[in-house]
Amino acid sequence: MKVGFIGLGRMGTAMATNLIRAGHAVAVYNRTASKAQALIDQGARLAPRVSDACQDDAVITMLANDDAVEDVVFGLNGVLRNLNQHTVHLSMSTISVALSEKLADAHATAGHPFVAAPVFGRPDMAAKAKLFIIAAGEPENIEPCMPLLNAMGQRTIRIGESPPTANLVKLSGNFLTASVLEALSEAMALIRKAGVDPHEYFELLTSTLFAGPVFTNYGGLIANQQYQPAGFAAPLGEKDIRLALAAAETLRVPMPLASVVHDRLQTVIARGGDKLDWSALGPLAANDAGL
Amino acid sequence: MKVGFIGLGRMGTAMATNLIRAGHAVAVYNRTASKAQALIDQGARLAPRVSDACQDDAVITMLANDDAVEDVVFGLNGVLRNLNQHTVHLSMSTISVALSEKLADAHATAGHPFVAAPVFGRPDMAAKAKLFIIAAGEPENIEPCMPLLNAMGQRTIRIGESPPTANLVKLSGNFLTASVLEALSEAMALIRKAGVDPHEYFELLTSTLFAGPVFTNYGGLIANQQYQPAGFAAPLGEKDIRLALAAAETLRVPMPLASVVHDRLQTVIARGGDKLDWSALGPLAANDAGL
Amino acid sequence: MKVGFIGLGRMGTAMATNLIRAGHAVAVYNRTASKAQALIDQGARLAPRVSDACQDDAVITMLANDDAVEDVVFGLNGVLRNLNQHTVHLSMSTISVALSEKLADAHATAGHPFVAAPVFGRPDMAAKAKLFIIAAGEPENIEPCMPLLNAMGQRTIRIGESPPTANLVKLSGNFLTASVLEALSEAMALIRKAGVDPHEYFELLTSTLFAGPVFTNYGGLIANQQYQPAGFAAPLGEKDIRLALAAAETLRVPMPLASVVHDRLQTVIARGGDKLDWSALGPLAANDAGL
Amino acid sequence: MKVGFIGLGRMGTAMATNLIRAGHAVAVYNRTASKAQALIDQGARLAPRVSDACQDDAVITMLANDDAVEDVVFGLNGVLRNLNQHTVHLSMSTISVALSEKLADAHATAGHPFVAAPVFGRPDMAAKAKLFIIAAGEPENIEPCMPLLNAMGQRTIRIGESPPTANLVKLSGNFLTASVLEALSEAMALIRKAGVDPHEYFELLTSTLFAGPVFTNYGGLIANQQYQPAGFAAPLGEKDIRLALAAAETLRVPMPLASVVHDRLQTVIARGGDKLDWSALGPLAANDAGL
């Protein structure tokens, strides 16, 4: 397939690379154009402007936050004004439910096919095409994109026809992960203060009830006390929990645990942890325990 | 081996049954003696008094809470005064760290071998000998008990030589589980209020990052909104989080998430949920969201 | 003085009435013009359009929320485009710090004097000209407005020269009040469940350490279990705590207690309490305790 | 009147001094006898043993915590075994509701008059006989003690006939105070990070809605950032919130805000603040905000 790809951060670069490897013709756009070179070396074509990425079978946006997506989509030279009538906009960024609703409405009004398809997985999973993709939109819009999705992820799960649903589910997933992070951080502080070795504890947890990738990945990070380089930086985690809480506010759903987790991530950042992985909830709990 | 077994609730009965099946000679004691009958029918011997269960290679205590263990161990006709010098006391109940310390001290003073070996797993796992057993104590006391532990669990993990450590780890595990329960409850309330089907959501979670027994077991219970009969009743869960917080207080470890989870379990109970499974955090979150 | 007054809700109507009583010439504007009649009967002049209220010594805006202020100020026929060069814009609404910054910047760019002067006090205090007014802005802008402020409040306290500071302080005050509300709600649930009469308890508190208007006003509401009609409705309270948390997020200040209070107000609303006073945290705590 | 006084800490010494000044005959007992000298110099009689303080019209116990009260009351030479039949035991210590129930039961069984009369007020208020005393017990037991209570406090408020009620109310009061402390701490961190002077802010708060002793006393401590010497040390505050939560647990009353406040006090202590006043929640909030 022919596809435009907008947003070449760590995640986007890995995903675009996999599209190229799978044989798709990829036109790449990034605000800082120099980031496109590595992909061009692998066979991608440079899209000098956003509009140049909007003329193929699909255009994928994979950007850092709401502001970046708003700029790229609603700007004067943006996606919305330049999208070819049959080009599917595949929005894979982790954005707010409110913005996803705005995108869905704008594309519907303009008569453009729109699919939200955010992902679960960190850069290492993106590199191995092992992402889980959560897709929502009309089946006739998702179906033609499957070869693209299959090239980037190990599995695509559909969750309804309303695109914002996928974004809500994605945010809820990051909330679940952050909850496990905070729980593990408190538990590790507790057992460490009692003199238990955190590696033995981690081994025990993950070999009994607490198996599965979330416990295994994050338990290991906290046990090893290794928070840099950040696979997913604390400010990004904090942002996603904030977006989950914003959606909860709109839907009127009290989330006391989410509030705690948000507050703890705020503290990590306020105390200087901007560059740390969000698993740096671990040293926060340890520090608060006087460790 | 020859072993006494004290405490024939749902967990204890299942565990004692597996000991018999594995060929061990089991003497069973229960305050309400009638509960012993099923085991006697399978080949157990009745221990009319606690002291009659304390004369063999080991005596296992598997009781509901601290009070029950205090009565059985420190009472006039209790374990401590009647333990044969070489009988290992294998304390498998989920009890407070403080009581485990008291038990360890008392046995050390009396010169009796003592091992703490609480378990992860609900009655269905106990019935299938699939428990995970967390053992702490001196190796020469644990080693001879391995045939017993192997008959009751799928795996025994040792965590140090100080028995109370095992109890702390066990409580920390229940805290981790309760945290996941509360997180899932809030997430499910959120997506349900957005119109997402909870079964589809559950399927999505467990087939992506949120695999592993905790998410699978409890996510299913909450998605199905089935809280009775209780595999583990809310008051038992609340008690364990309280004991984790009590240990945290002694060790001076702040646990904000544990405080929230404790508070939520309190609310389940105060609002009439004594008989419900602790996964009834699910309907609490739903109800608070106006669902 | 001659003054325009925009926003004739319960607070605005009371405040404008006091301006008239003090002898000021008041031009009133409200989106729903019928609300202006009572004031016109007392001597106010009708301002048919926003611009008609922007030609005097000052224009006061007293609107319900950020959206209303944005419309009135930044709209095509709004305050910003129509403000007479020497007319002070006195922004008395409770709005976000972010919007206050935007207003301050826009007025500075346009060369208009701008003062933020939100108030502490409910409609009954407004009616009696007993408001406390928190003013921030340049002294030469505040000084000429003093006769107006004195007509509406019992005291005006200045807090710096940057207008958004006053809005932050106002929001922080509502957070303090809401914290006392939640604390009183929990305490009352506790002592009621122990059989203590809440009126006796209220009497005891307010006659000892817990004197002062916040405890006296809200303790009485909760003891009397009287939550309608709302002096300040739960959704307004929830909104203000949300704005305080938004400011805290921007400033990177973790506020765990604010998060709890926000969550509780959310629950009041989600469970159907839209019309109740924000002191309806009281029945929420009682209900969660099974009372 | 003739009265025994047991417990000569900072509070007890001040209270006993006021009894002497009011003309009562006071026999003082303290575990560390040297602390009695200053009172003896003022006219008190030394009670060498607990029992020597139990023979007069009343015996007052004013001790640091549950353990101290248990020792003094239930010990071999304790109050319970040595109390003259008509001597009222006036229990003024801040203790758990559970212990107060145990004391009430034990005295009832022994046929001794028992009154619980904990106090609101710090040592400076005790010195000025300005305490507020919360009394619960049978009227015929309280009535004869009024001359004593009047000598120590500015006011005695009766709250029912069941002594533990007074202890519950006292603990609830400390919870209310701690809630205000935490709220003020978060608010001060917020406005400080926005560049507002905390003294101006304090002045503003206390001259508007946030008058009354709690805001005035504690707001000043936090604004001044003066946490030593401790008027009421963080570990004592933490203990009282813990006792409030323990009572809440028994009564099944969820108290989410109390849980947060407890957690914060725990953090103050774990991070080294044992010697600080409980208003050191202030620097904790500031520190967590990166100030």
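Per-chain residue numbering starts at 1, and chain names A, B, C and D are given in the order in which the chains are listed.
As a convention for this text, contacts are C-beta pairs under 8 Å (C-beta built on N, C-alpha and C of every residue); 3 or more make two chains touch, one makes a residue touch a chain.
Because the structure is predicted, anything quoted here is derived from the model rather than measured.
In the CA-based superposition of subunit C onto subunit D, the rotation angle is 180 degrees, rounded to steps of 5. Greatest Cα centroid separation from subunit D: this falls to A. The chain pair B-D and the chain pair A-B differ in C-beta contact count, and the higher one is A-B. Each chain gets a centre from the mean of its Cα atoms; for subunit A and subunit B, those two points are 37 Å apart. Centre to centre, using the average C-alpha position, subunit B and subunit C are separated by 52 Å. Work out the mean CA point of subunit B and of subunit D, and you get 39 Å between them. Residue positions 248, 252-256, 260, 263-264, 267, 270, 288-290 of subunit A are each in touch with at least two other chains.
Partner subunit A is touched in their complex by these residues of subunit C: 242, 248-249, 252-256, 259-260, 262-264, 266-267, 269-270.
Subunit D contributes residues 256, 267, 270-272, 287-290 to its touches with subunit A in the complex. Only residues 97, 120-121, 132, 134, 155, 157, 159-160, 162, 165, 168-169, 172-173, 175-177, 179-180, 182-184, 186-187, 189-191, 193-196, 200-201, 203-205, 207-215, 244, 247-248, 251-258, 260-261, 263-264, 285, 288-290 of subunit A touch subunit B when the two sit together in their complex.
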